[in-house]
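The first chain written gets the first letter, and so on, giving A, B, C and D; residue counts start at 1 in each chain.
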């Protein structure tokens, strides 16, 4: 199988197929099904400054072609993560892409400093699931400025690592936020986190989740994610890492055409650990049929409709 | 080879659904495994609606299963409804042991319809059915039946280990009723699952260790390890 | 079959089951499958001040549990609508809930004045699919103010009709917009219009739709719509009309529990014209089992989890 | 009873899909209708994968169909690939007329594999297959074959009516090649559909009348009524 190396800021990855945060644990839980070195990177479960017990059950509910989750960022905390979880993944040949989330600038600074001490960490993803900022004046712009500040705080402490900012789709204009990340010095943006939704348990006559709101993932959100990736890739110069509903090689090809540099497999891994192999084979075959040497050649120009017919000319680098 | 109390994730193939559903392993032999699927919702209805030869997506055996060593003291297996599935498998394995422990199976349901004695065919252990409406066996819940049985055992009750699988409310009531009387109670918990391997953190319960995935740290827990032993906080 | 009358502002409807705009034409096209008088109201295809030819084909693309559309508001224009389409629907026993969209306040004023001349129009839905306003200062607030102004312009000219404002979910905070509609004198808000998404035709290596963006509807968006309805119903005092992904009686029950006063069936009608009958029967059965006399009794209190067990006590009026 | 050229919306039941797919009616009799489904994508693969006795969601016959009155002048039915389905039905009905018009069927495909002469079994009309690779019948496209045939007819060509169904590119080429030679060309258009009854406005084409739904104003159009007669602007 061909590997397609990708460069994101200072970091190089053996291939553009990553596991999404929260969908691959700390990297070894799935090892009987997917060896961590088969993935370009493992974006590990988001860790926070302190351990979190997460929300009460139920935490999951299937919806049409989707999955609602209300996990509540249950995690061991950054210290236990660095002590117990990081080394085993590296030893197993995995490439950790460490996901972090915090509530204040100080916490972000402290977390970034802790990560900086670990040279085996090549890349860090900042999970801005829901930018939680004061809203004085124009809220979107305020959020974009907050994104910029958080990015800078983290990147300043990790100049030689890839810092990627993961964005929520639950805003009027995600491109605003992506530009904020770019301004702040991010090496990439990751789009998208889950879409907010809810469910109601009609037998019990109450919202299914104690916190009512939950995050929707899975194929249902793929068209939403694809548009966000297309819009961001058209607006920033840094790489976009695409995530949201990937269920086939064709979905991955669409993300590459929309301008993604790498992709993350999420919810579908739960039911179909063979998805990674399917994606690798499917993309390789698609490229081979068009004598293209790298998925990045799939990126569409924005000039408008492309030539139909000759596959090679149909695709502009 | 799987262990009694382990489960697999199943989904008809193709399916209208996204997430595989956990099912206890009910039996296994050379090249086959069986499951008892109760059609409670769309994905289980798909499974029971499969034609002979229909395909199923299926994971390897997952979870801890019941304790590897049980006995020589006597065991009570208390099953409510489809919770009987892993207990059947456990009884089969125990019966296959040379000089295995004494095993009795308490199998409760609302009424005779819900107590599928066929599912226990071929077991040598004593089977004590109970129904809420008295239409089969003991008139009352399997919890009542268990308390009744232990009372009759007198002092010997303290040597019993109880292993239970069924609706959470039933298991909670059972635990509350008997944990002071017997040596140990093991419960097999249910919760909505997605990954089955401790990754998604969807299926947790609180134990002395913290909030842990049921799919990896369980589904079988020592009752006394569970913080929410009232179990009423569980979803199911 | 029991009918459950509902009141929305000055207008009364025989039942709370409406057809969604764009999914039932001008009301008679489906008459071989659904008689218009079986619906509480027919929200007709959005009309604009002038006829519109719409977008180029393709205009539709199925996605997992969803449908992307890029119709481009093809319609006959308000004048032809009033001349040719309105009376036949009324004669067939249908209740027209006329959907309109415009680009300027003047156009809204003119359309409302035209509608006012037709006493057979009991209700008007203003399709603010994508509020297209200047963004000086705080954009969300600006949008909310625009929603308020549009609402007032329409309502002022239609004081004795129900005026409902249909909102887009593609904003950071839909509640803001709903409050704007309430402030402007709306009799109801309608949530949600389609969620923006896109698709790519990988064989042709170009976006499937000429305009790239398209609107996602169908069961995929149901959890998104449910949350929006829940949030709006908790924030405004006017009725909420719920729309988005309804595929079963249970979905409708969830919308009522979330606080909806009426619901609209959309995309699923295309494949399953029997859905209306299913919904009517399923809701009636659910209510009967709990000896409730109207779907509005299903509305959940916000106080937190409700009693489990006794269905009657589980539901607070 | 349906008319040749009408279609129905079909979806396997249950299906992984949401939207029923348009299929031309290929034949009908007392209490049955048949369709020719080419497995080009997921929903058509589901349909062709159905077991005998499998269920299908299906709409009543939709669309206008071919003109009700055809003849007495001669007809050429030009089918590309699965476009042959409604032409078979049309030929059957025409043959059943007392003193129906002369009918010849031109049936083209890439190669012999794509020309399913079985689908035309039982017709009395003359069938003229063609293949791009020459593996069956005329060596060339059915457009070439049609032009060839009309040329041989000389002046009589002007009396012919051509009715065609197939890939848009083929129909466009056919229209351009023959509309000056013959009396009239009818084309059966395809476009992605959802409602099938003119409600969703998904399946439009431009005609002299404006932008109209293919599902109600078509699928059969007089070629000269179509603005985009180049047809290349169509999706399919």
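Operating definition for what follows: a residue touches a chain if its C-beta (ideal position, glycine included) is under 8 Å from a C-beta of that chain, and two chains touch if they have at least 3 such contacts.
This structure is a prediction, so every number in the text was calculated from the model and none was measured.
S.K.: Which number of steps is the smallest that gets you from chain A over to chain D via touching chains?
M.R.: Each step joins two touching chains, and the minimum needed here is 2.
S.K.: How far is the middle of chain B from the middle of chain D, if each middle is the mean of its Cα atoms, in Å?
M.R.: Result: the chain centres lie 59 Å from each other.
S.K.: Can you compute the centre-to-centre distance for chain A and chain B, using the mean CA position of each chain? Integer Å is fine.
M.R.: Inter-chain centre distance comes to 38 Å.
S.K.: List the centre-to-centre spacing of chain B and chain C in whole Å, with centres computed as mean CA coordinates.
M.R.: So the centre of chain B lies 47 Å away from the centre of chain C.
S.K.: Residues of chain A that touch two or more other chains: which are they?
M.R.: 65-66, 218-219
S.K.: Got the chain B residues that touch at least 2 other chains?
M.R.: none
S.K.: Based on which chains touch which, is the overall arrangement a line, ring, star, complete graph, or other?
M.R.: Ring.
S.K.: Can you name every chain pair that touches?
M.R.: Applying the touch criterion to every chain pair yields A-B, A-C, B-D, C-D.
S.K.: Which bits of chain C are touching chain D when the two form their complex?
M.R.: Within the complex, chain C contacts chain D at residues 22-25, 29-30, 32, 45, 53-54, 56-62, 65-67, 69, 71, 74, 218-219, 267-272.
S.K.: Taking the touch rule as given, give the residues of chain D at its contact with chain C in the complex, in rising order.
M.R.: Within the complex, chain D touches chain C at residues 9, 11, 17-20, 43, 57, 60, 191-206, 210-211, 216, 233-235.
S.K.: Tell me, which parts of chain C touch chain A in their complex?
M.R.: Where chain C meets chain A, its residues are 63-66, 68, 137-140, 170-172, 195-200, 202, 204-207, 210, 212-214, 216, 218-224, 226-227, 230, 245, 247, 250, 253-254, 257-258, 286, 298, 300, 305-306, 308, 311, 314-315.
S.K.: Name, in rising order, each residue of chain D that touches chain B in their complex.
M.R.: Listed in rising order, the residues are 14, 16, 51.
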